[in-house]
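Written out below as structure tokens is the structure these notes cover.
Chains: A, B and C, in written order; residue numbering restarts at 1 for each.
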Amino acid sequence: MKSFDRSSFFPIKKKFNSNDIVSLIHNYVQKFNIFESFQINELSSNLIFRNNSIFFLDKNVRYEYSLKKDILIITNDYDFCKKKDCSNYIIVNNLQKCYQIILNKIYFHEDSITFNDEFNFINNSYISKFSKIDSSSKIGNGCTIGRGVIIGKNCIIKNNVVIKNSILSDDIIISDNSTLGSTGFGFDLSNLGSKNLNPQLGIVYIDDGVYIGSNCSIDRAKIDCTYIGKNSMLDNLIHIAHNVIIGNNACIAGQVGIAGSTNLGDNIIIGGQAGISGHLTIGNNVKIGAKSGVIKNINDNMVVAGFPATNIKDWKKSVILNRKKNV
Amino acid sequence: MKSFDRSSFFPIKKKFNSNDIVSLIHNYVQKFNIFESFQINELSSNLIFRNNSIFFLDKNVRYEYSLKKDILIITNDYDFCKKKDCSNYIIVNNLQKCYQIILNKIYFHEDSITFNDEFNFINNSYISKFSKIDSSSKIGNGCTIGRGVIIGKNCIIKNNVVIKNSILSDDIIISDNSTLGSTGFGFDLSNLGSKNLNPQLGIVYIDDGVYIGSNCSIDRAKIDCTYIGKNSMLDNLIHIAHNVIIGNNACIAGQVGIAGSTNLGDNIIIGGQAGISGHLTIGNNVKIGAKSGVIKNINDNMVVAGFPATNIKDWKKSVILNRKKNV
Amino acid sequence: MKSFDRSSFFPIKKKFNSNDIVSLIHNYVQKFNIFESFQINELSSNLIFRNNSIFFLDKNVRYEYSLKKDILIITNDYDFCKKKDCSNYIIVNNLQKCYQIILNKIYFHEDSITFNDEFNFINNSYISKFSKIDSSSKIGNGCTIGRGVIIGKNCIIKNNVVIKNSILSDDIIISDNSTLGSTGFGFDLSNLGSKNLNPQLGIVYIDDGVYIGSNCSIDRAKIDCTYIGKNSMLDNLIHIAHNVIIGNNACIAGQVGIAGSTNLGDNIIIGGQAGISGHLTIGNNVKIGAKSGVIKNINDNMVVAGFPATNIKDWKKSVILNRKKNV
């Protein structure tokens, strides 16, 4: 997982100390213990631990590293805290609500009403004063390049492209009318409405040599990176949801959609209009037929098709059987 | 159904009297009776009756209110006129052609060659002089906000968004590269070509707290409103066709498409890449699985999946049966 | 197939003589014979032969006209050259690589880092100094009209539309946020990455009276034209890949995708979210049901549905049979 400077994208509105947090969410607190006093300036996730951070831990999420002392935990699960021997925790009865309240207090982000960006108009595009674009890269007309964005060498950003909350490495092409780094579709189903979006404080990271077609939409991650690996090729009208990770050398045809937090290996080939559900793991060298609907994990080297997607041989058999019955 | 001032979006080109109409379409008239003389300044639909209006009534459309005296009717069905005892009618042999001819004479609209709008360049976006945007709302770069558009309080319109022929209430977020209020896909299949588009003289109405993702397309209605209810959440690359009505608290995942005139209840959940045919009624609290194709009405509280979409239990059974046969 | 002046879109970087070509690709050459000396200034394809051209012939591609003397051939197949009695040929071991190297030397194109275009800002849009737009046509805000583009009479280009490498005839409407003429998704699967895109040196040709909805993406051809025939109507969020040919009077609903090099006849109707594989031939008057996946050629007048798409009667039968088994 690539690291990045969160505050260059999402400026800190107000600095909080670990002791201040309980009062922000007192309506939802069931039990707490804040043993240490430290300034909070980061967020942890189940993928990356960061110091001086808040870690919102859902009890359903597998947790992959040992807690260190200087982390504040917010969870529903007291037993877990005891077991992990963490010294700072707040047990709450509504994790998503607390996530919203606390992060809206700490960070400016683009779905709060205050935009915090200033633009220069350079060669027919709006370039944030707080972005960094290598001089070897070219940007077409009518683009917006937002706060914190970094664009490396020899990139080509075509026309009317919107890039926000993203880091682009070298030799990347983004075609016309595509959107990178917009808000992930994250919220609590029992509490809808634009005001209840979960703050999306991660970014999009596009690695060397990636090609992205026109009218695509790639959402930024909630906390870490939506990532597209080296030399991957994406066709037009593709939807990549938040937290998706795509390995190197992917080839993804038009109108494919990949739902949130799915993790794809290297050398993946996906046919047009296929869809992949969220929170899945797709192995290396997997081929997914056009119009497939993938709803389960797929092992390395598999070739799948159909909906629900299965081994392509089984799918072909079932197609033939269906035809025979019709005779 | 929300009301709106049609002429603020579609300026009146020329005022016609009920007595003038027959001459405009004389090639198509079979029989007529214009008993009263009145100025025509509105359009009626099978959902909303308006005074001093023209009502183009297709004989296949169910008709839900009593005709009043001051309405001019154009239809294929003489018996109907007699039965309803309407005093002003014109019977024609090509309803769509007459609709086109008459409305192109009465109204300016964006698919006739003359655009009737003037724009100010404000904070990097093109804002119609004839739009009304509350000062608490923010608009990003490269947007076009067209004639007649009303945007309420605390809305966030991101970058390169096009909003035309639309009313947005309060607390709405529209993400980058989305299009609201473009032309509905309406015409006579036997008479194609851009010149034969049916004038689309309705609007898009977005209610409080709605979130719309990036690269979406929401067409305006033919006569009334394409409507999205309070606190509904739409992901990216979604297609909402003309006259669609979506209730409150919908949650619609990426790349969903809803065809024209379909009516969805409250609290709908739709999975990614699902499609819903036109002219259907989908009840309240319905859940539609990802990649489903809905081609029939669905009752309240149903959970459906597959294509054609059926009860999700039946769909799961059929998936399992298909697998067994393959063994 | 429509003809066009390639160099008005893709300026010639350097003029090469037939004798110079071998040295550019010497690493890949197996055998060659250049009998005549002539300046190369065009490209041939299996659809159109052009004089003074290079013809990259894949041995799998059927070849439909006799070779003339002044053509340079590059292929893997020596026997073929002998049989056709062509006097100028180069036999190579990597056709796609040679295609890339040679054409990147001869032409500027938009996926090489140097953009070769200059824009005027006219009525809120960026119009290339090297484009030609009839004065009767209207262009909305925030559009980019690129080098070489020709737009005929009475066209309406709405807002934030990107048109590059395209010729539009008369009476055409292109709705908001659509992209015409972007790069076709062409490359060698064994050699991915933005640097290895095959140069796409063809155009998009849109014929009289075509309507294209919002947020669509239509890629330019590799060598010839992606073509949309007269009075065809395309809804929103549609993906048309490179080299696709669509006949007259097509009616294509929202979110349809058509993969590369597929050829559709006249009077086609395609339902929403349907997909058509690449390199297929679809006859005249064919109807394709919504959400179908077409993976085989379809004869004239057929009505198909399902995935894989079959005769609609068979599809309906299989749907009914599947339901019965569930009882």
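Definition applied: a residue touches a chain if its C-beta (ideal position, glycine included) is under 8 Å from a C-beta of that chain, and two chains touch if they have at least 3 such contacts.
Model, not experiment: these values are computed from the prediction.
Colleague: Provide the labels of all chains in contact with subunit A and in contact with subunit B.
Modeller: Joint contacts, listed by label: C.
Colleague: Under the over-half criterion for shared residue numbers, do copies subunit B and subunit C use the same patch or different patches to meet?
Modeller: Mostly different residues.
Colleague: Could you put a whole-Å number on the gap between the CA centroids of subunit B and subunit C?
Modeller: Subunit B and subunit C have C-alpha centres separated by 33 Å.
Colleague: Which residues does subunit B have that touch at least 2 chains other than itself?
Modeller: Residues 142, 160, 177, 215, 237, 255, 273, 307, 322.
Colleague: Contact residues on subunit A for subunit B in the complex?
Modeller: Touch list, subunit A to subunit B: 110-111, 113-115, 119, 121, 126, 142, 144, 160, 162, 164, 177-179, 182-183, 185, 187, 189, 192-197, 215-217, 219, 237, 239, 241, 255, 257, 259, 273, 275, 277, 293, 295, 307-308, 310, 314, 317-318, 321-322.
Colleague: So in the complex, the part of subunit B that touches subunit A is made up of which residues?
Modeller: Residue list for subunit B touching subunit A: 124, 136, 138, 140-142, 154, 156, 158-160, 171-173, 175-177, 208-211, 213-215, 230-233, 235-237, 249, 251, 253-255, 269, 272-273, 290-291, 307, 319, 322-323, 325-326.
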